[in-house]
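In what comes next, subunit A is part of two complexes: it sits with subunit B in the first one and with subunit C in the second one.
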Partner chain A sequence: MFVSRAVKAIVQNRIAVTALLFLGLVFIVSLIYPLLSEYNYYAHNLDNVFLPPFSGKHVFGTDNFGRDLFVRVCEGAKISLKIGLAAALIQTLIGIIYGCLSGVYGGIIDEIMMRIADMFHSIPSLIIVILLTTFMGRSEMTIIIALSITDWTGMAKIMRGQTLLLREMEFVQSAKVLGVGNLRIITKHIIPNSMGAILVNVMLSIPAAIFAEAFLSFLGLGIEIPKASWGTLANEGFVYASSYPWLVIIPLSFIAVIMICFYVIGDTIKDALGG
Partner chain B sequence: MPGELFVVKKNVPPQVLENITQKYGLDRPKLEQYFIYLGNVVRGDLGISMKYTNKSVNTIISKAFPVSVDLGLRALFIALSMGIILGIIAALNKNKPLDDITLFISVIGVAVPGFVLGTLSQYLLCYKLTGFLSRVTGSSFRLFPVSGWKGFSYTLVPSAVLAFGAMAIIIRMMRSSLLDVLELNYIVNAKVKGLSSREIITKHGIKNALFPIVSVLGPLSVSILLGSFAIEKIFSIPGLGHYLVTSVQEKDYTMVIGLSLFTSLIVILVNTITDILYSIMDPRVQLK
Partner chain C sequence: MEKLLELSDFSLYIKENKILDAINLCIGRGEIVSVVGESGSGKTMLAKSILNIVKAKHIRREGRILLEGKSIEDLPDEQMLKIRGKSIGMIFQEPLSYMNPTMKVGKQLTEPLIKHCGINYREAVEKLKLLLDRLKIDHLKEYLNKYPHELSGGMAQRGMISSTASCLPKIIIADEPTSSLDLIAQKSIIELLKSMTCDFGISVIFITHDLSLADKISERVIVLSKGRIVEEGKTKEVFINPKSEAAARLTASALRKVGNFNTKKTNAEKDILIRIEAVDKHFPNKTSNVLTDVSLEIYKGETVGLVGESGCGKSTFARLIARIIKPSAGKILYRNEDIFKSANYPQKVQMIFQNPFFSLDPQMKVENIVIEGVGRKYLPKKEALERVKHYLEMVGLEDDEISTRYSYQLSGGQCQRVSIARALIMNPELIVLDEPTSCLDTVSQAQILELFKRLKAENKVGYLFISHDIRLLAHICDRIAVMYKGTIIETGSCEDVLVRPVHPYTKQLISVCYNGT
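After this line comes the complex of A and B, so read on.
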């Protein structure tokens, strides 16, 4: 029900449809780019360094090692989207479980669980992520883990609120009287009735996670070479910004446009579901 | 653990190794090491940097923090003043072209990360525009220097960019808050009393519409503080973020932990202060 309402809201909004189409295009091209280009993202070619965009077969030009920037942007899209989606989904999952348990059990358990969530919430997650990646290394996996275990508090709070609200509703009360266990109440009643809030939260978490990853990589604390997310590409290109601006402008434009797309879609869904 | 302290043989002089071992009790059990560190922190000793010779983390914080505060306050000032003004303009021109323009600005500010805007504006304003002006006038005058923190002209672009995201949020809040306030009964009453609409807006509307802005000042200051990490990197400003980033890259553990601890402390402090401030300003809000 919530999903169909969200889809309908997007279809009816011209800007949201454009944003969705663009996201789809980036996603598909990032998967099939080996068919479109003969280059790969790691091979150096020192005869062709710093070629400007549209020179020969290099649509976006080449970087300081002569690597094709179009291919590197595609590879970066894959990494950025993967980290964004994975982190957002894991965060949401942790948040749902944590919030439901806290809300259903209530009392002293609720109190303790929420104070722990407050602790995570009061320290900026980027600081925790920086600390974690310092000690755990900086692979894709560790960044996903670091982002997921820091940013789940928002979802947990929303889910707890939903649980407290739904717990008092008559259909949940009567299920309880019939002897239905807590676990079944959570999965059969609370989660299905909170799908709207969950959907809105996922849509807002994805760009937040993409932003966090790009921010870290841009600072040089993210994905390590030769792999490159958009943030890493911008960080590498930043050094040459004065002479070869496209090396930094192209990856940054992708970050900016993708963020706007997610923002527009998230906003449309939020308006439609009243989240 | 990858990158554990002293795993890599880096020719540490035995005397230094012994001093550090003694200071942090590295030959004792892990739990005891932790409490030794905590004890030091409580006494205000965050340790000595492992990279910069003879500099304690405290010295570096005392040097870098004022720079970050300077940058942050400038950004906050720009965000507040521009955000409130643009928000008022948007509310008074509801559904007219001026409203759409401010909406566009705020969407850009909310959705586009600060470091993207920072890099692009450094390229456009500091390299292109400033270079162009110097060439045209033929002087060595630089309108917006590319990087550094040595005077007023150095502060303009970084603080404006840092302010942009917060400004976008303030614009939207101010707009909806002012529109809400103008619907309320006492505004109607003021109208009936015969006040001109200009007086109503300046004397009653804006004053009361400002409260919600105060409530987001805490989170906004925090986002400005974090955003400054990237801005400090882009414009080479020697603030806290600059040191935090370099110390992570160089695995300067005492610095990383010390600076993170300090930043978190500042964040909690800022949030507490704005909460108290809000309850003082708006008597309807009571702190429990």
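After this line comes the complex of A and C, so read on.
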């Protein structure tokens, strides 16, 4: 019910449809273009450095090593979206499980679990990333894990609130009277009736995760070269920003526009579901 | 009599559906008019559209609404704001859902006074106090310092009524204001509304589904059916000699409710099913106990009634027996075994809740709701569906389509039948009924009571029937227990309790019910 209402709201909203189409376009082009293009994201071509956009076959121009920026932006899109989606989904999953358990058991267990959540919430993700990179090396996995373990607490708190609310509802109490176990109460009653809050939270945590990844990469804590996310591209371009501004403007615009797209869709769902 | 509010040829459409059809209505100053009708007849929509608070898409209004000769149906929102509360006050059916959960009661109730009369908080409290005293609210200071969730429905409704009435509006529209209240509170509210009309010349539009209640409060009644006025006249005459079919149905069910009490000797075997021993219950952060030293025995196959005013701990007691909450002290035994250690307790005791809409999961289809207790995955699909069908038929839902619907596609009566089917499929020996009919209109109420009687005869199931209405219990129960402020003060057969009551509270309760206002 929640999902169909969300889909309906998006279809009826022109801005949300545009945002969705743009996201789809970015997704498809970033998957296909690198396969068709004669350039790749790592080979240097020192004869053609710093070409401006629309010079020959280089639509976005080239960077300081003569690599095609369009291909690199496409590769970056894959990485940024992958990290954003994965981190958001993992956060949500952890948050749902943790919040439900905390809410269902209640009392002292709830109290302890929520204080632990507060603890995680108070550790800045930067410190965790630095720690993790020393142990695990710089990879996509490291960033996904780092973002997941710091940012799941929001979802957990929302879910705990939902659980506390629904637990007192008569249909959950009647399930209890029927002898339905806690696990089934969570999966059959509490999660389906919280889908609205969950959907909204997922849609809003994706752009947050994309931004967090870009931020870490910009600081040089991202994935290893020559691979590059949008944050890394912006970081590399930043050095030459005064003479070759497109190197930093293009990746930054992508970060901004993609984030806006996700926020627009998230907001539309939020309005539709009254969250 | 001077005309105060007049509706002429007023119609309301949502999309193409006619919700209200050419309503003509006229109310004089200081007059009380009852609007009665079954649920779904458009009573609430009528009340809301007078105040223009129906905010749906595709809504269309036709006709005129005149307040003191001036038409108000087309006023812009800013001007309507001044009329709402100041000239026309409204009291809603479920007071708690109209209160802001984060605001203290005192602040909330004084808000309209401060806004419309330009006085400060302290003066507003003084004004409220006069009315709240009449409605028997003690510990006023404590009451005003509470949050809405700490109040029972009755307490909240009394507050809302005082708040609305204290602004001295010209008209009060009361939409089923007493349906969630016990009879004593009901009586005090009706008396308050009546005295408001005498003392201050306030007119009241009293919306209800209970014709006997309309009879108590007003001389003139309007019967609404399917959005049309089908009958209008003196309440007594409509009651005695209804002309339209809708009025006849309402009269019949109102009369049935008053009917004689059950004098049959209990034929239940003296086989103790549940024994409650000196149970206390208190909630954390509360100073006093909700239940103190409650003991009761329930025999197999009998119907025990539990009566008491709202907030006396009836529902807490029901939840204890249904094993939803644990007692703070004392024991509840099922055949001499602690219920919290009993493995298959759900197959022994089931519960039906007050609000039929809240007791069904809105995300689940009826067939899955009914089979939930058995666990659908343990049965082959065909057998599961057959069992669902069998039990739905048992509760009078023969329509095949119902099993694939969601709860929001059903009426209140149908929802309550589904929850009864869900309880029956467990084949229980006792069903705890927590005000199972108080959210239904009188017609479905009567049907559901018939159903309970039939099921008792067919399935040998016993009930613990909780209600604030002792007439209802007298009609259906073998024994009655009276609860007052968290303790059971009297138990006995219907005849003993009704004819020879011992406790003064029981006497008061009975005199209110049977002698009317």
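As a convention for this text, the second predicted complex is superposed on the first by the 258 of 275 C-alpha atoms of A that agree within 3 Å, B and C clash if a C-alpha of one lies under 4 Å from a C-alpha of the other, contacts with A are read in each partner's own complex, and residues count from 1 in each chain.
One rule holds for everything that comes next: a contact is a pair of C-beta atoms (placed from the backbone, for glycine too) under 8 Å apart; a residue touches a chain by one contact, two chains touch by 3 or more.
All figures in this text were calculated on a predicted structure; none of them were measured in a lab.
Student: In the superposed arrangement, does A:234 touch subunit B (first), subunit C (second), both or neither?
Tutor: In the superposition, A:234 contacts subunit B only.
Student: Considering only touches as defined above, state whether A:1 meets subunit B (first), subunit C (second), both or neither.
Tutor: Touch partner of A:1: subunit C, not subunit B.
Student: Under the stated touch criterion, which partner chain does A:180 make contact with: subunit B (first), subunit C (second), both, or neither?
Tutor: Only subunit C is touched by A:180; subunit B is not.
Student: Please indicate which partner A:55 is in contact with in the superposed arrangement: first for subunit B, second for subunit C, both, or neither.
Tutor: Neither partner.
Student: After superposing on the shared chain, does subunit C or subunit B touch more subunit A residues?
Tutor: B
Student: With both complexes overlaid on chain A, does A:242 touch subunit B (first), subunit C (second), both or neither?
Tutor: first
Student: Which partner chains sit in contact with A:188 here, subunit B, subunit C, both or neither? Use first/second/both/neither.
Tutor: second
Student: After lining up the shared chain so the two structures overlap, which partner does A:171 touch, if you call subunit B first and subunit C second: first, second, both or neither?
Tutor: The second partner, subunit C, only.
Student: Along subunit A, where are the residues that touch subunit C in the complex?
Tutor: Residue list for subunit A touching subunit C: 1, 169-180, 188-189, 192-193, 195.
Student: Please output the residues of subunit B touching subunit A within their complex, sorted ascending.
Tutor: It is residues 1-3, 107-108, 110-113, 115-116, 119-120, 122-123, 127, 146, 222, 225-226, 229-230, 233-234, 244-245, 248-249, 251, 253, 256-257, 260, 263-264, 267-268, 271 of subunit B that touch subunit A.
Student: Name, in rising order, each residue of subunit A that touches subunit B in their complex.
Tutor: Subunit A residues touching subunit B: 122-124, 126-127, 130-131, 133-137, 207, 211, 214-215, 218-221, 234, 238, 241-242, 245, 248-249, 252, 255-256, 259-260, 262-264.
Student: Taking the touch rule as given, give the residues of subunit C at its contact with subunit A in the complex, in rising order.
Tutor: Touching subunit A from subunit C are residues 319, 322-324, 344-347, 349-351, 353-355, 358-364, 372-373, 406, 419, 422, 426.
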